[in-house]
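Look at the two complexes coming up: chain A is in both, with chain B in one and chain C in the other.
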Partner chain A sequence: MNALVEKIGADRIRQWLPLATLVILVVAIGIVEPTFLQPASLLQLASDTAVLFILATGVTFVIMLGGIDLSIQSMASLASVIVALTITRLGYGSFVLAVAVGALAGLLSGLAHVKLRIPSFIATLAAGGVLFSTALVISGERSITMGDSARALQEWITGTVFGIPNVVIVGLIVLAIAHTLQSKTRFGRYSAAIGAGEPAAYASGVKVDRQKIFAFILSSGFAALAGVILAGRLSSGSPTLAAELLLPSIAAVVVGGTAITGGVGSIWRTLVGALIISVVRIGMTFLGVNIFAQNIVFGAVLILAVAITIDRSKIPIVK
Partner chain B sequence: MSLDTSASATDSGATPRPRRWRIASWAPVIVLVALCIIIGLINPNFFSFGNFVRMSQTAMIPLVLGLGATFIILMGSIDLSVEGILTLGAVILSMLVLNGANANDLGIFGIFIVLAVGASVGFINGVIHVRLKVPSFMTTLGVWFIGVGVANALLGGMATRINSPMIRGLAIDRFLGFPWGVWLALLCFVIALVIQNYTRLGRYIYALGGGEELAELSGIPVGRVRIMTFTLAGIFYAVGGILAAAQLGLGNAQIGNGRLFTTITAVVVGGTALTGGRGGVHQTLIGVLIVVVLNNGMVLMGVKPSVQIGVQGLMIIAAVALSIDRKLIRIVK
Partner chain C sequence: MSESPATTPALALVNVDKYFPGVHALKDVSIEIQPGEVVGLIGENGAGKSTLMKILSGVYQPDSGSILIAGEPTHIASAADANHKGIGMVFQEQSLLTNLTVGENIYLGNEAQFTRFGIVDWNALYAAASRQLAKVQVDVDPRMRSEDLDFAARQMVELAKALTLEDLAGGHLVILLDEPTSVLERAEIEVLFARVRALKSRASFIFVSHRLDEVLELSDRIYIMKDGAVVGDLKSGEAEVSELHQLMVGRSLQSEYYRETLQKPYRDEVLVEAEGLSLGTAYKDISFKLHAGEILGIAGVIGSGREELTRTLAGFAPHDGGRLRVGDRDVRLRSPAEAVDIGLGYIPRERRVEGLVLFLSVAANITLGDLGSLARFGLINAGEERRLASKWSERLNVRTPSINTLCLNLSGGNQQKVVLAKWLNAKARILILDHPTRGLDVGAKEEVYELVRATTAEGVAVILTSDTLEETIGLSHTVLVMRDGTITHRTEAAPGAKPRQVDLIGHMV
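Entry: the complex of A and B
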């Protein structure tokens, strides 16, 4: 009985820990730097978080199933290159093309994972290599800057509506779509079921393979969208544009409280996690930490968050 | 690799050969020989002594890294921290031996310090993985970026030129036509082979990969073996860092880029199964040679280096798909 009470207590703490962390961090930075709490700064924070949040949202679907996607940063970079190369010819079509390529890449790595029974981390590691190589080849191994005509087409990313940056609105739309998918559809329920216990889900008639492939399509598709937005914000595309974003994205998902073992998690948690990562980044910039050295903190945060959120009953042997 | 099921059937009979040397391990060798013949037919320059030396120089670092990674993969775990430890090792070495940024001149002691750093980071990998029960791919993903981050912080975005003749000599001075670095890599290979085949640790690693529950019940100190193996792997990556710094002549934070990918490709193409328990460092040698020969062939045929990463990605998928024993794993995550 005592153990049960303890378990519920611990679960509740785990559930609210990320949000509490976020609030404490924001307040702490607000005390040191009061301008941080002004609406303009907070909107800036939201726009800077959007790309990270969209990347993390995609990979949340895969992590919910108990898998992982290590190809998102390569996909996002490839998408930025596709946009930069085709925007003058295809106009808005270049964005659609980039996201479609993302969905296709997700389909292929999903198929490799499910049909060839290759563990997801190795299938997506390999897929990431293929995508990176593709980006290098089509871009001629260089960064492509977009001209003024392209910038006009990217108003939906860089502009503002009633003072709110469009990129924040795009982020909110992604949040709404992803949240609906995850909590209101059959796919979302099945994902949670597969993550919680794959054999049971399979035995009760869930088409496990199909759900998994769909999750990889979402992950890769959202990664491509994130790449499109990143390209718009930086008005360039390059094969290494998003290379530094893999670790923060996975960290965002896990810090938000989604367990790496699957089954437990939500898009809201990922939003909280992404905001935490952004706030930590801003905090480190205030403290003058070198941008590359920030990876030390993110790496440590990732390991710590995994250690806290992981469900050890599901993996009797940790490999 | 497809011969595997039949081989295990004969193994369960009265075959006295140890399972590590069974026939399945010959499939990669056949691939290697076939590749050499095809590329040699297309471009006879392939078989020149100069080209062999060039290939051995390309192979030495992947081989050393692959040796460490093989032990980890044999346990059924994975190590993504290869680039982190290598970069850290290369950068620290460049700051300890005679260099263009500070007055240090530790020479051979610098090398020992770098090996100790590699061992410590590997040890940290193992302790986090075993004591906190964090899956190895997550632990080492974190440590990968921590390692590169520390290297960056040490350098402050710069690169350090190495002036030590001993370190540069690893890449430049030759013995019997091959650079000393190649001989060092071969020495590492022999050491790894001895550890794998003739020490208790080697046996335990195979036992863990074959079935951890059984290994634990038979009294093997599973946690300690895991930590020791990650420490050992860290030392090999540090050697990789020393060779990389020698080859490039400097230490910078990008020195590790892309090396994880080549390492894992080499290990799985050699036929070591990701599920653990099958394979070994001798197969990794073949895997490294396959990767290097293929890259060399592509260079001889004028294929751009950027395409090679993609080809390696496809090789990983093909090799893993062929080597996975689907009867052993019902759930793939």
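Entry: the complex of A and C
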């Protein structure tokens, strides 16, 4: 019984650890660099976090189920290329096209995973390769800069409303939709059930395959949306535009406190995780850490976060 | 027979207790095994046999009491530690790795003695493996892959593997035989028993089995367990099957235990009808009718096909011949989801794996089978969910701090009530009870019986496979007996006119 009490206590601490970490990091940077705490800086932080948050949100759905999606950065890059290539012809339709391609890619990864019974990391690793090469081929292996006419169409990404950057508003809309999906719908509940105990979910009549496929569609679709936004912010599309974002995205999910083994997690946690990653990134900039060295830190943070959050007693064998 | 009472026991448990959440699994258990003795250990499922075996093999630690090896108090920290102290195991579920050779399996984890500078001398290992195999007089090439052996030969290899502990422990061995005969043919059992007798000079044995006649045949002495306690200790020569059975069950058959007064006649409405149902080699030509309010018990030994038939009805193993009607439709259930859709609910034997999502709350588990009816415009109505979960939790008397408690923290009996609540909430008209009282203590069992009776009184039909024949007979309106994949016998089991176990056993084996 004592062990049980201790466990609940530990769980509660574990639950608040990410938010506490975020607050401590923000305060620490604020002490070193007081301008960081001004509204303008914080809005900048929010803007810079949006793309990472949207990527991480998508993959949260897959991780909740106990799977992983390694194709998200390639999908985001491909989406940026699709927008850059088609925006003059299709206008707003180019955004829809990019996200639709994302959803389709997710559908195919999901089908490969559940119908061919391929582990999700293999299915999405392969899908990522396909998507990356597709982006390379259709872009002619180069970065495509978008002109002024295209920029006008991207006002919904780059503009502001009452001083609040649109990209932050888009991020909040994604948060609202994803949170509702995850906490209020059958899909969200089934995902948690599958992640925590797939055999019981299956025996209870849950259509496990369907939920999984839907999670991959969401993951890839949100990745494409992130690519669209990234393209808007950088006014270009490139097959490597999101190349360094896979690791920080997954780190954001796990740092936020969603279990990498599935079953436990939320979109709020992913938001906190994404903000932590952003703040750490800014902190490193203040400390003068080479931008290309950042993934060294994020890699270490990911390992550390998993090591802290994982309950080893539940996982006798790790493959 | 070992007739030397004054010797120090090779192994003894003294006043051992073991608790799990909500269950007092072992109650002040004391047993001893003399050198060279074969001790039988019997009891119903849930009596504490496997807990006892797991304590001896180092998987669990006793909460109180002590373990003595050759008179010395000792602590068994792990399975490897048990091995080093001369306790070996031959499991019901065989532990050989089928992709390795026989020799590799025998010395798995103990290759160091054949290793120099990190290189294994395979010739030496196989030669040693041959010597081990000779001890059990089995004619198997140690270089064969284990998957190429039949079940009986693998069992012998396991025994040979256990005997390698002689070198490791450097003393007398105690070998635990956990249901070693459950899938063996009679001739193979004879061979196994002959080997065990021949090995009594080098080892003692604890023999766990459900087959009482075999326990009487092989053992020198028999411990009988019931509800976590040792309730009998008999010399084999002085005991009879009926006496053992009486001690195991702990009472002469009481009809009220199974709430037979609550057994109401079933209705005329047929909910499930099978006609010539078959599946591969598992079962064939199965025909029965299941009526509203009826409990249909299926009796049979392992391999009789009753387990597969149960899985078919639950949607895990679609039949490949014959007809299955549920309600007024012909169906072939390709997934549990299809079964659930037409009003079937499965209460599995692996409650913690297939029955519940342990890391979800009581409420979430209760509504898992029918979330659709809680959703409006795709959103789950949280208030309605709480109301339903509370309703069922109260009605079934689920003892839980709150409906938000994780099912992980409930006792087995209360977990089983949550599984039942899930299907009642989903308005299942047909329940498939697959060993529904496995691992529950007596009080929890009685609660389950009561709930099953109350549920059938409402017109729900039940298909029951059970751990004990007694439970099958006690609960059922109708009993089907299966053997080798076919129905060999069908009998009514009205209150006051229940068939006798011996009459059914004749049709089972």
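Simple rule for what comes next: the second predicted complex is superposed on the first by the 316 of 319 C-alpha atoms of A that agree within 3 Å, B and C clash if a C-alpha of one lies under 4 Å from a C-alpha of the other, contacts with A are read in each partner's own complex, and residues count from 1 in each chain.
By definition in this document, a contact is a pair of C-beta atoms (placed from the backbone, for glycine too) under 8 Å apart; a residue touches a chain by one contact, two chains touch by 3 or more.
Treat the numbers as computed from the prediction; the structure is a model and nothing was measured.
K.L.:
In the overlaid three-chain picture, which partner chain does A:G128 touch, first (chain B) or second (chain C), both, or neither?
P.N.:
first
K.L.:
For A:G299, using the defined touch cut-off, is the partner it touches chain B, chain C, both, or neither? Pick first, second, both or neither.
P.N.:
first
K.L.:
Is A:A193 in contact with chain B, with chain C, with both, or with neither (first, second, both, neither)?
P.N.:
second
K.L.:
In the overlay, answer first, second, both or neither for which of chain B and chain C A:A201 touches.
P.N.:
In the superposition, A:A201 contacts chain C only.
K.L.:
When both complexes are superposed, which of chain B and chain C contacts more residues belonging to chain A?
P.N.:
Larger number of chain A residues touched: B.
K.L.:
Tell me which partner A:A176 touches in the superposition: chain B (first), chain C (second), both or neither.
P.N.:
Touch status of A:A176: no partner.
K.L.:
Quick check for you: in the superposed arrangement, does A:V137 touch first (chain B), second (chain C), both or neither?
P.N.:
A:V137 sits against chain B, while chain C stays out of touch.
K.L.:
Going by the contact rule set out at the top, does A:L116 touch chain B (first), chain C (second), both, or neither?
P.N.:
A:L116 contacts chain B only, not chain C.
K.L.:
With the two structures laid over each other on chain A, which partner does A:V264 touch: chain B (first), chain C (second), both, or neither?
P.N.:
second
K.L.:
Can you list the residues of chain A that meet both chain B and chain C?
P.N.:
Common to the two interfaces on chain A: residues 199.
K.L.:
For the complex, give me every residue of chain C touching chain A.
P.N.:
Touching chain A from chain C are residues 21, 314, 316, 335-337, 339-341, 346, 348, 350, 353-360, 364, 368-369, 371-372, 375, 378-380, 382, 409, 422, 426.
K.L.:
Using the touch definition up top, name the residues of chain A that touch chain C in the complex.
P.N.:
Contacts found on chain A: 4, 180, 184-186, 189-190, 192-193, 196-197, 199-207, 263-264.
K.L.:
Along chain A, where are the residues that touch chain B in the complex?
P.N.:
Interface residues on chain A, with respect to chain B: 65-68, 112-114, 116-123, 125-130, 132-134, 136-137, 141, 198-199, 247, 250, 260, 262, 290, 292-300, 302-303, 306-307, 310, 312, 315-319.
K.L.:
Which of the residues in chain B end up touching chain A in this complex?
P.N.:
Touching chain A: residues 75-78, 128-130, 132-139, 141-146, 148-150, 152-153, 156-157, 212-213, 253, 261, 264, 268, 274, 276, 304, 306-314, 316-317, 320-321, 324, 326, 329-333 of chain B.
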